[in-house]
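Have a look at the structure that comes next, please.
Note that the chains are named A, B, C and D in the order they appear, and that numbering of residues resets to 1 at the start of each chain.
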Amino acid sequence: MAQIQGWDIDVRGDDGLGLPPGKGTVKQGEEIYLSQCASCHGEFGEGNGRWPELMGGNGTLTSDDPRKTVGSYWPYAPTLFDYVRRTMPFTAPQSLSNDEVYAVTAYILHLNDLLPADAELDAAGLKAIRLPNRDGFIAEDPRPDTKSASEPCMRGCRTAPPRITSDLAERLGVTPTRTPKD
Amino acid sequence: TAGLLHPRLALAKGGENLPPNVPEWTRMLGAGVSEKPYGNPSPFEKHVVRRNVEWLTATEQSSVSFTPLPDLEGIVTPSGLCFERHHAGVPEIDPQQHRLIIHGMVDRPLIFTMDDLVRFPSVSRILFLECPANGGMEWKGAQMNGCQFTHGMVHCCEWTGVKLSTLLAEAGVRPEAKWMLVEGADGAVMTRSIPLAKAMDDCIVCYAQNGERIRPEQGYPVRLMVPGWEGNVNVKWLRRIKLGDRPWQHREETSKYTDLMPDGKARQFTFVLDANSVVTFPCPEKPLKFGKGFYEIRGLAWSGRGRIKRVDVSLDGGDNWQSAQLQEPVLSQALTRFRLPWTWDGAPALVQSRAIDESGYVQPTIDQLRAVRGVNSIYHKNAQQTWRVNPDGTVNNVQIL
Amino acid sequence: TAGLLHPRLALAKGGENLPPNVPEWTRMLGAGVSEKPYGNPSPFEKHVVRRNVEWLTATEQSSVSFTPLPDLEGIVTPSGLCFERHHAGVPEIDPQQHRLIIHGMVDRPLIFTMDDLVRFPSVSRILFLECPANGGMEWKGAQMNGCQFTHGMVHCCEWTGVKLSTLLAEAGVRPEAKWMLVEGADGAVMTRSIPLAKAMDDCIVCYAQNGERIRPEQGYPVRLMVPGWEGNVNVKWLRRIKLGDRPWQHREETSKYTDLMPDGKARQFTFVLDANSVVTFPCPEKPLKFGKGFYEIRGLAWSGRGRIKRVDVSLDGGDNWQSAQLQEPVLSQALTRFRLPWTWDGAPALVQSRAIDESGYVQPTIDQLRAVRGVNSIYHKNAQQTWRVNPDGTVNNVQIL
Amino acid sequence: MAQIQGWDIDVRGDDGLGLPPGKGTVKQGEEIYLSQCASCHGEFGEGNGRWPELMGGNGTLTSDDPRKTVGSYWPYAPTLFDYVRRTMPFTAPQSLSNDEVYAVTAYILHLNDLLPADAELDAAGLKAIRLPNRDGFIAEDPRPDTKSASEPCMRGCRTAPPRITSDLAERLGVTPTRTPKD
């Protein structure tokens, strides 16, 4: 149905099913990115302030401070096209043409060292890219993953007195006040 | 129970509106019946509002505001106070111009108007809805000194709509279909993949919330309810459902809403909300402000796996537990109110609650959770909460071992 | 049930917000999370409001506004849409300065602050509340062409408070006490006498409604709930409870809220609300606007005597009946939603519902009621309602024999 | 308790328990009535427009159009004192002194031919008045008062086809519209 086609924008991540015709270069993407994305995501994808970062973070997933980006965390490249097309730039969703989305997708992949500077990207090219964290996901939910006696203890359950391990909340000063703004 | 409180029953002293005086509002007429065709809370309840945490997000359009749980009683959340979570702000949708498309692996792709949806056989259920990031700020330690912020990404309303299975039957599900993609009409055009078995079981395409049409923040004019499953899959402003043979691996089920484990692998499609609970009185916002004596401990428990079977409360950091009374009727996949009488002796206390659901699942401690999942998985933090009651009656958020 | 509606499933045609076009609200950001700390319905729902009947009363301060039942689903009434009935307008009471006095035939007269009341052990129940004048305009004939006005003096919310028996135990009930007077703090200083047995059984001194503090129109900061009994005794803005040995014979239980019989005698203290029901779809406000085909008949039933056991629906003016499906859980003294699928053949129909409660009571026809009570008793008109469905799908209020 | 006394204003209808000291004449009551009550209830208690009437209606309780007033319907005279004291005049509840309430109560009783024009009323006098409809009430609730088979008929229940006895609602034009005022 013709009417459905306008809304039928989903692209499947693992095989790129639904990717539209079109193409764009890293170079073209850089221009779009600098004018329409960098204000939030940073000139190099590093993320301004608390806006999301779009590159880097490789090797941090097992660290104390994991940085989850397209390069370090995402499993599938076509998902990037899908997401940018459906909702970026943040303040003007669906304002880019398919060619522009290919271009800026190419540029973000380039920022993550996944495409050379002179590359051009189309559906076939995007499907061919294998992201570093491709095998980083477990699709089976292993929960419940904590064990307790089916009849939990009711009396004298502790072996040692309770020890406070964290009581900063009171003093941190990050909790909003109860007084509403006017 | 005579003598429960009378040592400190307030005797009125002074004040022109206190007995023996007749208060001003008794000596005049109030507002008439047509003054508020749609009513609002008393101006004296201005502090009972959703609150956001400004430092948490870069923008208020992709952000969260929290249900004021400590101010609420019973199990129903008033629609105006249901926490908000959205990714591109709240769209203002004209219901006359909204459409729901069902297509993909179906015999007959269909486009529904709101009138169509309302015309179908309907069902209503009282259901909780929880963001899986509820409590997510507390993985590494006690951070937020308020129950609204540690647990307020949950609400419970009566939802009405048409069973998704009814709509899918209209479209005719093809045998190869195993998953569906659900998509919102907001600027995020939010998508999630959901197994078709769940869709056919109990999902509801909802147009009403607590009797009236759904509120804008909750998906007006139509949203999906996926009972017991993480909030994000309950897609709001629902515009499209596509059937397929496997998940779509979209951004919200890869980059987000996946749970990073200590080994660097991330769990995906962790849909069910495990049993959770919290004491809403006392809590940091609601101290014991009358000194020693009688108080009723009140709290909420819920489980995506069905009914809450029991809630135990400890006052000594988990050494001893008492089972609380559960408000009847206890409904499956709904908030459950628990209550326990307590005579406070003025000594410091460590108040905790532990929910057990009908599947036999026992709400874990924070260290049980951390032992398996570390501290970087963001989502599904359903650990027992500890409130420290201080001798002056104030209450703080702490974690204990 | 495939094929239920698809003959007329809307295919989008034209319109810049209809598929294949991407609607404007999908191409922009909406409101952020701190825009509405307390939310409201969509601007597209402006017609869903309480309405009053201007010609009915001399003043809007002693008047009534009606719940828009035809616009509601499920069983919970949103607090903003609960019908209003007050006798001196809605007082704006400062909860810090409000007091509840219990005295009379008690051992210890007591004065409670709101803090005191909230501190006691609490209970919550989902309860309907109905004005006994609901339907009162229809005794002599079908007058109001709208379900909001024939049946809208009823609502159903989750109420939370302290059992009155708990407070009375604090005060110590003297053995000679048999009745109590309950009194409001509004300009009407509304009073009613209630038998003490009911007080001790299930009355609740309520401070919360649908989770949040009671709305001003419903008695903020505290009201009495008298489950299953006529609205007027559920005194709002409750300020005083006095125990005595017999009723007070006050104006609202003599001049008003008494039921005049054809012989000139009037029944007094007719507290219980007998079983009642109404079809809310179709009804005059909600015609069958899509021609012949499938519709779901929806309605509400309730009984002051306990649970609704069954609701029968007739489409031919009472010749044949079908039992409708009741929304689970069916709660005692709460609204009960019923539903029945119907394929309309386009012919005129006379739609009725008939509730049966757990006491075995069967909702009567209007002539059964009139045969006993005549047409001048104003209150307790719980007759079966008849809606005439016309061939063009419009619906009117009629009475039949 | 002194604090309770200010709110303890109830007067019992059947025996006047709770009537305060004080008194007032019909004459004094007339003055108060004309200045503070007549605008709504009418110069002679006949009720202006839809405001309540306070006199007359005797003999109408079995008619098609019963008129229920203090004179025709109310069972107990002290109830009148109680009600006026707690809530009249409508726009200024509890603004009258006890003497004034006795006076205006006397005047309303006079309007109903229950007190002579030169009478003075106090607690004892009010208790002594017997209203015409004193025995007009049945305190026992006889409901349920309609009978139906415990298993109501489900099929072919009517002996004759349904006959519409009232269908004016549609044309009466007294039903408010669905369009809200702005």
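Note that a contact is a pair of C-beta atoms (placed from the backbone, for glycine too) under 8 Å apart; a residue touches a chain by one contact, two chains touch by 3 or more.
Fair warning: this is a prediction, and the values are worked out from it, not measured in the lab.
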Select the interface copy of A-C from among A-B, C-D or B-D: the correct pair shares over half of its contact pairs, counted by residue number. B-D
Taking each chain's mean CA coordinate, chain B and chain D are separated, in whole Å, by 49
Suppose each chain is reduced to the average of its Cα coordinates; what separation in Å results between chain A and chain B? 25
Give me the residue numbers in chain A that touch at least two other chains, ranges are fine. 1, 3-4, 7, 90, 93-94, 180
Two-or-more-chain contact residues of chain B, please, as numbers and ranges. 11-12, 18-19, 26-29, 37, 49, 51-52, 54, 59, 61, 88, 101, 111, 187, 189, 239
Which label fits the chain touch graph of this model best, line, ring, star, complete or other? other
Pairs of chains, among all present, that meet the touch criterion: A-B, A-C, B-C, B-D, C-D
In their shared complex, at which residues does chain C touch chain A? 11-12, 18-22, 26-29, 34, 37
Which residues of chain D touch chain C in their complex? 1, 3-4, 7-10, 12-14, 40, 49-52, 61-62, 64, 66, 68, 70, 73-76, 79-80, 82-83, 86-87, 90, 93-94, 136-139, 141-150, 152-158, 161-170, 172, 174-176, 178-180
Enumerate the contact residues on chain B facing chain A in the complex. 46-47, 49, 51-55, 57-59, 61-62, 87-88, 101, 103, 109, 111, 141-146, 149, 181, 183, 187-189, 191, 239-240, 242, 244, 246-251, 254-255, 258, 260-272, 274, 284-285, 312, 316-322, 350, 354, 356, 360-362, 364, 368-369, 371-373, 376, 380, 388, 396-401
Along chain B, where are the residues that touch chain C in the complex? 1-6, 8-12, 15, 17-19, 23, 25-45, 48-52, 54, 59-61, 63-65, 71-82, 84, 86, 88-99, 101, 108, 110-113, 115-116, 119-124, 126, 157-160, 166, 169-170, 172, 185-187, 189, 207-208, 210-213, 215-217, 220-221, 239, 289-290, 294-296, 298, 327, 329, 331, 337, 339, 341
Can you tell me which positions in chain A touch chain C when the two form their complex? 1-7, 90-95, 180-181
